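Listed below are the structures to be examined.
Each of the next two complexes has subunit A plus one other chain: subunit B in the first, subunit C in the second.
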Partner chain A sequence: MTAGAIPISGRAWAAALLWGLTARFAVLMLVVLVIFILPRLLPGDPLGVMLSSDYTQNLSEAGLAELRARMGLAGGWAEQFGAWLSDLLRGDLGYSATHARPVATLIAESLPWTLLLILGAMPVYLVLAALAGIGAGRAAGGGFDRGLTGFVTVLASIPPFVTAILLMLGLAILWPVFPAGGALPMLPSDQLMIRTGQIARHVILPVTALALHEFARFYYLARGEAVVLAHRPFVMNAVARGLPPRRLLTEYYGRNILPIFIARLSDSVSGLVSAVVIIEIVFSYPGIGGLIYGAILDRDYTLLQGTTIAVAAGLLALNWLIDAAGTALAGRG
Partner chain B sequence: MQILRTVLLVLATMLASPALAQDDKPLVITDTRGDRGMLAPYVHARNGIAYLYTSYIFDSLIAQNSKGELVPGLAESWTLSEDGLTADLELNPKARWHDGQPVTAQDAAFTFSYMAQNPYPFASIGNIEQAEAISDHHLRLTLKKRDAGLFSGLLLALPVLPRHIYSSQTDPGHFASPAAATGSGPYQLVEYDKAQGRYALKANPDYYRGQPVFDAVMIVTMSADAALQALNNGEVDVISYLPPERAGDAEAAGQQVVAARSGHVVKIGFNHEGMFADTDMRQALAYALDRQAILDITSTRGEAALADTGYFQSGSPWRENVADPAYAHDPGHAADLLEKQGLTRGASEKWQRDGAPVTLRLLADGAQARVAQVVTDQLEAFGFTVDLRLMEQAALQAVPAGGDYDLLISSASTTGDPSDIASRVTGQSWNADRYHGDGKLDEILQKAGQSATPDERLTHLHEFQRLYARELPSLMLLDPVMATAHNDRVDLSFMPDGALIGIPTAIDKSAFVTE
Partner chain C sequence: MRVLFGLAAGLLLLLAAQPLMPAYRSSRDVLAPPGRGHLLGTNDIGQDVLTGLLHATPNTVLMALAAAAVATAAALIVAGVAAAASATIRNMILRLVDALQVVPSILILLFIGTLMQPGLTGLAVLLGLTSWHEDVRVALAMLRRELQRENVRFARHMGASRTYCLRRHVLPAIRPALAALYLQNIRQVTLRAAGLAFLGLTDPRLLTWGGMMQDAMEHLYTPAWLWLLLPPAFALTAFLLIMLLLIENDPAGARA
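And now, the complex of A and B:
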């Protein structure tokens, strides 16, 4: 449909995919190394933090050494790294002593909540940004465009935690229409329908905060593309023919913006994940962000390592898939 | 693959039912902090509240009544030999584990040997030479040396473990399945939702000390605001820790509030290897500060009381009921003491030593930011230059004794059986006093620990109190007040010296069992 995309053969495509996979694996290995070293450079000792309560008794040196060994903290860094890496290669993310649970279980328990936020926010901001961006871009310079673009520019300059706090203040505390935190009420219903409603009520504010954070980026993208498309002959021709606005929107603007959105998604996902971490902390949402935050405060190295690697691996895999999809779409021409 | 399976499982259970039947009307307690870990000795979070919740499920050999006095727990009676080295305990034959098995002296003896292999941070059994089951219900403990805190300290604190469950566990830190929470206490754990920080407990119907007061107890996570609203709506019954400044709100709504000094003091610790090695310097600082003003500025709505300087806080049964030296604000006296130490006042009234200005490096736990700021202002007004650094706890912990600081503001517990005081005074932990002085304090504490009679122990502790207030290993500033709001379904009160291991709480186990 559009001109300019270079057709790619099936073989070249496969090679590009393979190269992408290799590169991403190398990045993951780098993450593994860095996330092992960084927490150990923080002041504070995991066992010390764990036993920091005033009520803990003085354990004997042997007792402390025993606990240290069980937390995987015996020996030097090289020894710890070796032990951890060999577990990792067997697919074992380790055991969190502070939570008394395998790291994999902890991740599995919080991941659904984080995914709920991300997958809840994505369609909201993608669809709204596309509609608003096209609306503004096809009549660039008009009143709608100027008003909206101004508003979005202000919005884009607010960091996500501020948006989250403002939303919470406005809609959960000053005018309490939504719950201020958590994923479920304290005494959740045991009826499926009511329970789903309760989850939905709790998810609205964090999803809104997240969607607002990403909205600006895609709004600019859609607007910029729409400005260009509006002056392209095939669009002008279609407008002149009196094509129904809906068809114009989906088939002329929408289809052309889709590959660009997908390409941009792949590099926006990492930003999305860092935003979700902060939003989860603000709303005390039981997702992976809170887990990471707690792991830093507790100096829970194993948990911090495990969650970071899981998130990094997930991101890289997603990024690879989106790239592949983008290449395929572009290749189709 | 395993992650994926668990994700799917959790997704499925996210929508499934966890709640208790509504007609049970459990006693609902709120906790602001949430998840405290699985309620079993080796896997609960390592803090006082997690330990407290676990004590609902696991009984110790000795228990407390609501006044904090020792009463029979799993042990019906106990005696101590003349030399203080042999304790004989008779276990209650009616006691059962939650799975129906009898609790025996073998279980108790097993607990000691198991904890020797697998250290449990809330009970130190280093002084136990041997624990043996003479018969099914007769436990004999042999001590390495006399311990005045054996009953009120160790045996009150130590949860007895079921041998038939724990003997096969080589690493109890990894044992967090529901079976790990098989105790002999008044309540059984029914449900633990980690993500929501929610616990459902039900009464142990066969409890050896009689039917527990409530059929079911729930602990849920809620912010103070939400909890107050829920208390007024009748959705919750107890707000375990209500910010004291909100007490008025709860009372105005017709709820009951109990409050007490926590004994969890905010204090200034000194670097005893630096410029505050000398008692005169510490006393000078005490006189330079206006503790009453610190209290008035940081506690405008009854959040704290002025702390006693002799370690023990008002209300403690270990404290001699006399006024400790108050170190009332006296800048003139402080200046005299400093000048005796060779400090001089420079041109701009700034303190100098050998012509160089004196800068005090003040570290503080972020939670004490307000107190730290007032202290800084007062010291600067007195002529010191103050370099204030607020740090998170893990980072403070990494600052060694004798490290890069002069003063350190932290909060620390002073409650619980005194057998632990030595570690809080001479210990190396960041919020311990890290103080040895001439060794006299330590010696007094040793004697207190070796006392043959309670009266003798008290005499030593009172001497400790006097000496502490004079030598100032740390300067006690404030004693924060803790409050609990509840409706009339329960009758709650704070124990004078904290519950069990010294936890300042009104929801200790004694409130939920019939006495």
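And now, the complex of A and C:
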């Protein structure tokens, strides 16, 4: 619509989008290649690994050959790659032998739990980091600032899995107010209200761990921006006029920090996913991270490959969409 | 930077002195709490935790220093290629690097770790090669800024070769910023390596802080977590904190 009115910028926008898509596709191909080639470079093959465990034993030669063909390990590399790629393109991520279900179904079942953790933590750490950062930044060097910044510096140095373990230890084992793992009790209630409550109780600790991990990044961002804003004339003028502190916070600081937060949010997705994977593992949460860890423990390569590619593709697509939206918004002014 | 050289030298010394240190061997004192015989207690097969920490220190830290060196060098090389290339190619490289950043490196690390359980060298190379892309943009900005300065232009005009300019003008100018990048890489790499070891995806013979924490996870429901989990967790956090303070107090500025 607006692109039609300004043809040059519209075309540049389309070109940038196309370039971005090509680059992301190239990276996805790189991931696919790594995941295809590496297992084949190593001694033994996924089938051998599977057979050495106790899932399948005493198979005849014919049975072995059939299994090999079903796992896409028959024929030369080129042939295998072609078959695998055409399956991928059709959206077929393979079949998990340990779960006895298609990989795509397993991912679809785990994804909501991971999204629940991320979307549960995101507002918490964004709002808290903004409030704390503004509070510290507008009186930089004061007692509050020094205390809080010191605390956040230490917090930023604790690896996410350590935070998760300590939370679990403190609030689920030593003082058991929250469940130590999983997303639902062993026998979940079938009443909607009680079930929601159970889910909420299980989600609190992983969400806290995730929020604590991401808090530091946005705290530094908000603080740095608030330090600058505090000396800008329009803010000093507003303070001198005696503006209510709440309005100062939302309309003056908040509004200026929001766009920076949004820009950083799309950069931080990759770190967020890394943290959520490891936190899910600590809390045995049934999300994507839990799925990946299960695949690692079972040496279920089909599931591991499928999940890795699906997550990478999903993130690349999401990032492209955010990028496109950002460019469109910037183009509008 | 000098701090780091000191650290590396000290660690190499520690590594060389490892035969002199008490061996990390199992004993009958199983799960002994901290006390006179064992300052930090023992684990479930009677190994002394303090000895374990000492043995794990050079493994953990030297691996991080090496992996960060690989990552910083790779970033610098790619940035150098991009700086020398035409605008189209530079744009292509930058777009690829941006897209690479979208894929969480932990995905690839988990996959490779499951396949091969890397040891010390493998881990350094693997982590180096999965973290370089985060620095290319910064390194390129530094390089281009220095390449456009008048001292380089004069030198080029007077017939100095590219390598001479690089060695005598560009590298000395970007060294402080490179050191800050290197420190940041050490932090990243340490976090990732600890995560991998914690999940049991490194060589089981390689003793690291992350690996010690993994062993402690079985004892969360007994009092033994106190001396099995906390010491390696504390060592890891302290190391990361020291690196962060080094970055923040670097006058050359991490703001390269």
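In the analysis below, the second predicted complex is superposed on the first by the 280 of 333 C-alpha atoms of A that agree within 3 Å, B and C clash if a C-alpha of one lies under 4 Å from a C-alpha of the other, contacts with A are read in each partner's own complex, and residues count from 1 in each chain.
What we mean here is this: a contact is a pair of C-beta atoms (placed from the backbone, for glycine too) under 8 Å apart; a residue touches a chain by one contact, two chains touch by 3 or more.
Just so you know, these numbers come straight off a predicted model, no measurement behind them.
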Contacts of A:G91 with subunit B and subunit C, given as first, second, both or neither: first
Which superposed partner A:A312 touches (first subunit B, second subunit C, both, neither): second
Touched partner set for A:R299, first subunit B, second subunit C, both or neither: both
First, second, both or neither for A:S157, with subunit B first and subunit C second: second
Partner chain(s) touched by A:M186 [first = subunit B, second = subunit C, both, neither]: first
First (subunit B), second (subunit C), both or neither touched by A:L42: both
Contacts of A:W19 with subunit B and subunit C, given as first, second, both or neither: second
Residues of subunit A that lie at the interface with subunit B and also at the interface with subunit C: 42, 173, 299
Residue ranges of subunit A touching subunit C (in the complex, touch as defined): 19-20, 22-24, 26-27, 30-31, 34-35, 38-39, 42, 153-154, 156-162, 165-166, 168-169, 173, 267, 269-271, 273-274, 277-278, 281, 292-293, 296, 299, 304-305, 308, 311-312, 315-316, 319
Complex contact set, residues of subunit B against subunit A: 2-3, 6-7, 9-11, 14-15, 17-19, 28, 30, 34, 37-38, 42-43, 45-48, 51, 118-119, 121-124, 126, 171, 173-174, 176, 194-196, 198, 218, 220-223, 225-226, 230, 235-236, 264, 392-395, 397-399, 412-413, 416, 420, 423-424, 427, 429-431, 501-503
Complex interface listing, subunit A residues touching subunit B: 42-45, 48-60, 63-64, 66-67, 70, 91, 95, 97-101, 104-105, 107-113, 173, 180-184, 186-192, 195-196, 199, 284, 286, 297-299, 310
Of subunit C, residues touching subunit A in the complex: 91-92, 95-96, 98-108, 110-112, 114-116, 191, 194-195, 198-199, 201, 213, 217, 220-221, 225, 229, 233, 236-238, 240-241, 243-245, 248
